[in-house]
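Next come the structures, one after another.
Next, two complexes with chain A in common: one pairs it with chain B, the other with chain C.
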Partner chain A sequence: MLEPLAQSLVFGVLVGGIYGLAALGLSLVFGVTKFLNVSHGELLMFGGYASFWVFVLWGVDPFLTIPFAVIFLALIGLVLYKLLFARMVKLPEEVKIRNTLLIGFGLSLILQNIALRLWTADDRSITTFYSGAAITFLGVRFPVVRLISLGIALVCFLALHQFLHRTFTGKAIRATVEDWEAAAMMGIDTQRVSQLAFIIGASLAGIAGTLVAIGYSIDPSMGLEWTLVALITMVLGGLGSIMGTLVGGLLLGVTQAATSFFLGGTYREIVGLLIFLLVLVLRPQGLLGTKRE
Partner chain B sequence: MLEITNISAYYGDLQALWDISLIVNEGELVALVGPNGAGKTTSLRVITGLLRSPTGSVRFVGTDLGRLTTHRIVELGISQVPEGGRVFAEMSVLENLELGAFVSDARKQRQETMAWVFKIFPRLEERITQRAGTLSGGERQMLAIARALMSKPRLLLLDEPSFGLAPILVEQMFEMITGINRQGVTVLLIEQNVRAALELAHRAYVLENGRIVGQGHGEELLSFESVKSAYLA
Partner chain C sequence: MDYRAVLRIVLIGALLLGLIALPSLVEKDSIINLVVLILLYVTLASSWNILGGYTGQTNLGHAAFFGLGSLVTRMLWTSGFPLFPSMLLGCAVAVALALIIGVPAFKLRGAYFAIGTLALGQVLFVTVGNEFPLISALPAKALASYELLPRYYFFVGMAVVTVAASYLLAHSRLGLGMMAVREQEDAAESLGVSALRHKLIALVISAFFAGLAGGGFAFYHVSYYPQFPFAPVWTFDAVMMTYIGGVGTIVGPVIGALFYVVIKEYLALNLVELHLIVFGTLFILVVLFLPGGLVEAWSKIRRQYLRRTTPKEVEPSTTD
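== the complex of A and B ==
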């Protein structure tokens, strides 16, 4: 009883790191721009495919495909921002959330169909010679690939945190999150900050997509599921809180794992949504978030 | 230095300003006084490009600000302390000051500027690592002004710097503002505290219901009948 439970919890933590990473980009973009981009999951899917094809065509080690996914998604992010999102920046906050929600919804359908066209509906995953390798500790298996993935997710969190706290640009982003008008009064170009946040957000989705392709599998319809995961994680951790997002992801992963262990796999997603609703009703600032006036 | 001619402003269909014209000369301390809701803050928002005037023009040392974005206007040398200060509460005092020096010219000189600012507000230097949100109201206001000074502005716009401060702090605040002006920073001061502002300023404009109803030298306006009956009684 104990060992299988420990095993599922470990898997929960491992996938939770990716949940956190998937939510990180969404949360950054939402914090800075108040855009709720519900096509975030599709961006993640594109990252997965970018890595998959670089791996298949050029035989690059899966983890070394990450830079390709980042560049690819940064470009997609830039184009989508210029084409669709830039004109939303000046709208009042509520209109902004509503409009970007609609845009994101339409965009997710378009991106999904592009993926379907280009890469068919088949499930894909990156399998390499060390895909099956695992470290066993106290009878619990730690798949190497997923361990590395968790490590990469943690590095991303740390790197973003450092960037936001140590660099001038990062501080400008944080200032814009807190009060964009006051930030503009400091001479910060809040339009450019929004664009940068959007590109970073897309790139982070790309990395998450690569990790999903390596440790799990990708297909053109995966987007909605991952958008939901990212939304739940973001709300759990508290909007705009970086470390909160990581904790939120781990928490969601572990809760899902525990649920499938005790109640069966079919309840996994229901529990995630249930927590989502409970948090929204009881603690809208997130489990770790602080109240903002 | 700052030349505002016939501007107006609307919030949706609601007109908030009618034909405002005012001038601030280099080195001056000019006050814009008037009751709550007269349009003082709205005037500032037009100057800094957060609100557009469909009529007239705003010119700063010859440049038309009408089409510029807020951050470009800051780069030209106009710095604003918004109502209530609006410091970045989640960030440290130091980070707030660094952000004040965000524009590239100011960024290069930020060490020297910071030393200058700490001379004016020594209290802030003691609080440098503290989160701005944990400061007292007076300290926050000081930080807001210090942050605005970090961009080495030629023109400083102050929106109600005395608001919410204890009377003894208000007096100190006004002394500091005079001091900053004496050091060569041109100041446009918005105040509800009419008497104090008029005593302080070289010149003043009185704003009422979105229109300028009086102007003159500070002392002159103090003896102005309508001002007297409205604000000083």
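== the complex of A and C ==
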């Protein structure tokens, strides 16, 4: 009883890191720009495919494909921002959130069907010679690739945290989150800050996609599920807190693992959604709960 | 009565006559099936529009009502219960869900309502998939006596009733209240229009017609997975059709549904997923540049035309 439970929880923590990383980009973009990009899951999917093909065609080690996914997604992010989202920056907040939500839906449909046309509906995953390797500790298995993935997720969190707190650009981003009008008056180009945040958000989705392709599997229809995972994590962690997002991801992963252990795997997805609904309703301002008035 | 009102009545009459006479005009069942699909989408999009367009609440879990209507209708009907009472019960269950979730859901404003309903729709989608994993097929006896025509006429009736209801609603005090809530919730409240009450009524009406469409779906299809009508794609289709046609208008969802199915049929002959890429692009363009959809485009063109020919007869834009 105890060992299988511990095993489930370990898997929960390992996937939780990826949940956090999936939410990190969404949360950053929402915090800076108030864009609710519901095609975030599709961006993640594109990152997964970028790594998959670099791995298959060029034989690059899966973890070393991350830079390719980052560059690819940064470019996609730039194009999407220039084409669509830049027009939204000046709208009133409520209209902005609603319109970006609608555009995100259109976008998720387009990206999903492009992926379907290019790469068929098959499930893909990156399998390499060390995919099956695991460290066993007190009877609990720690698959090596998932451990490395968790490590990479943690590195991303730390790197973003350092970037936002230690660099001038990072401070400009944080100032825009706090109060974009005041930031603009201090000479910060908020349009460029928005663009940068959007590109970083897309790149982070790309890294998360790579890790999903390595440890789990990807397919063109995975987007909605991962968008929901990212939204749930963002709400659980509380907006505006980077480390909160990590905690939210780990919490979601562990909760799902415990649910599938006690109630069976079929209700794994639902428990997160129900918690999400509860948090939304019990805190009427929902995601904005931690924002200062 | 001015000539435009007469023209409109004549057009609507001709359309209805055309729909009624269609089965005797065309030989092929495929055309009838296509029109059934259009009518299903007209009902679904119009029902979404009542909450999403009139009160401005973006419901992304609409498929839950559609799915519940189909699930309840199908279960009762295939276990021997008469068809129409089964459908009514299906609508009743959809309305019941609307009443249960209404008050907590409307605590959420704007986009939070949208993602909340999205999550709710997903909960039902997954749960129904877990609880009813087997395909639902009509019993052999019902299958042997399957006829397309009664189903076709049911869909004609369903779509006409839904569009008529959204017309009556738009011209009623209640409908005006809903639009006031959409435009400025606080201002509406200060004039004595209860925002929550109007949103709830809109949600209930919306759920009722979505449940009815689900009932029609259960009546029409020979076999499908009970989970299928709960799929988020039904919501997204309805949202996109409504926006492309013209959100908040009466004919918008109708035009959007027609346009969607025609484009889908036209493009599906060439390439499988292309129509969804085209439609998604169109949807984004409408959100960005043409918030009133095709209806607005049409009235803009007409106004331009009127201005050029008879400058003195320019009329203010109409709501429909």
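Just so we're on the same page, the second predicted complex is superposed on the first by the 284 of 293 C-alpha atoms of A that agree within 3 Å, B and C clash if a C-alpha of one lies under 4 Å from a C-alpha of the other, contacts with A are read in each partner's own complex, and residues count from 1 in each chain.
The criterion applied here is as follows: a contact is a pair of C-beta atoms (placed from the backbone, for glycine too) under 8 Å apart; a residue touches a chain by one contact, two chains touch by 3 or more.
Note that the structure is predicted; figures quoted are calculated from it, not measured.
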| item | value |
| --- | --- |
| First (chain B), second (chain C), both or neither touched by A:189 | first |
| Which of chain B and chain C A:123 touches, first, second, both or neither | neither |
| Chain B versus chain C as contact partner of A:61, first or second or both or neither | neither |
| Chain B versus chain C as contact partner of A:3, first or second or both or neither | neither |
| Contacts of A:106 with chain B and chain C, given as first, second, both or neither | second |
| Chain B versus chain C as contact partner of A:269, first or second or both or neither | second |
| Winner by number of chain A residues touched, once chain B and chain C are compared | C |
| Contacts of A:171 with chain B and chain C, given as first, second, both or neither | first |
| Chain B versus chain C as contact partner of A:181, first or second or both or neither | first |
| Residues of chain A that touch chain B when the two form their complex | 168, 171-172, 174-175, 178-179, 181-191 |
| Touching residues on chain B, where the partner in the complex is chain A | 48, 50, 69-71, 74-75, 79-80, 82, 86-91, 95, 98-100, 102-103, 106-107, 147-148, 151 |
| Of all residues in chain A, those that touch chain C in their complex | 36, 38, 84, 87, 94, 97-99, 101-103, 105-107, 109-110, 112-114, 116-117, 224, 228, 231-232, 266-267, 269-270, 273-274, 276-277, 280-281, 284-287 |
| Interfacial residue positions of chain C with respect to chain A in the complex | 58, 104-105, 107-112, 114-116, 118-120, 122-123, 126-127, 130, 232, 236, 239-240, 243, 271-274, 276-277, 279-281, 283-284, 287-288 |
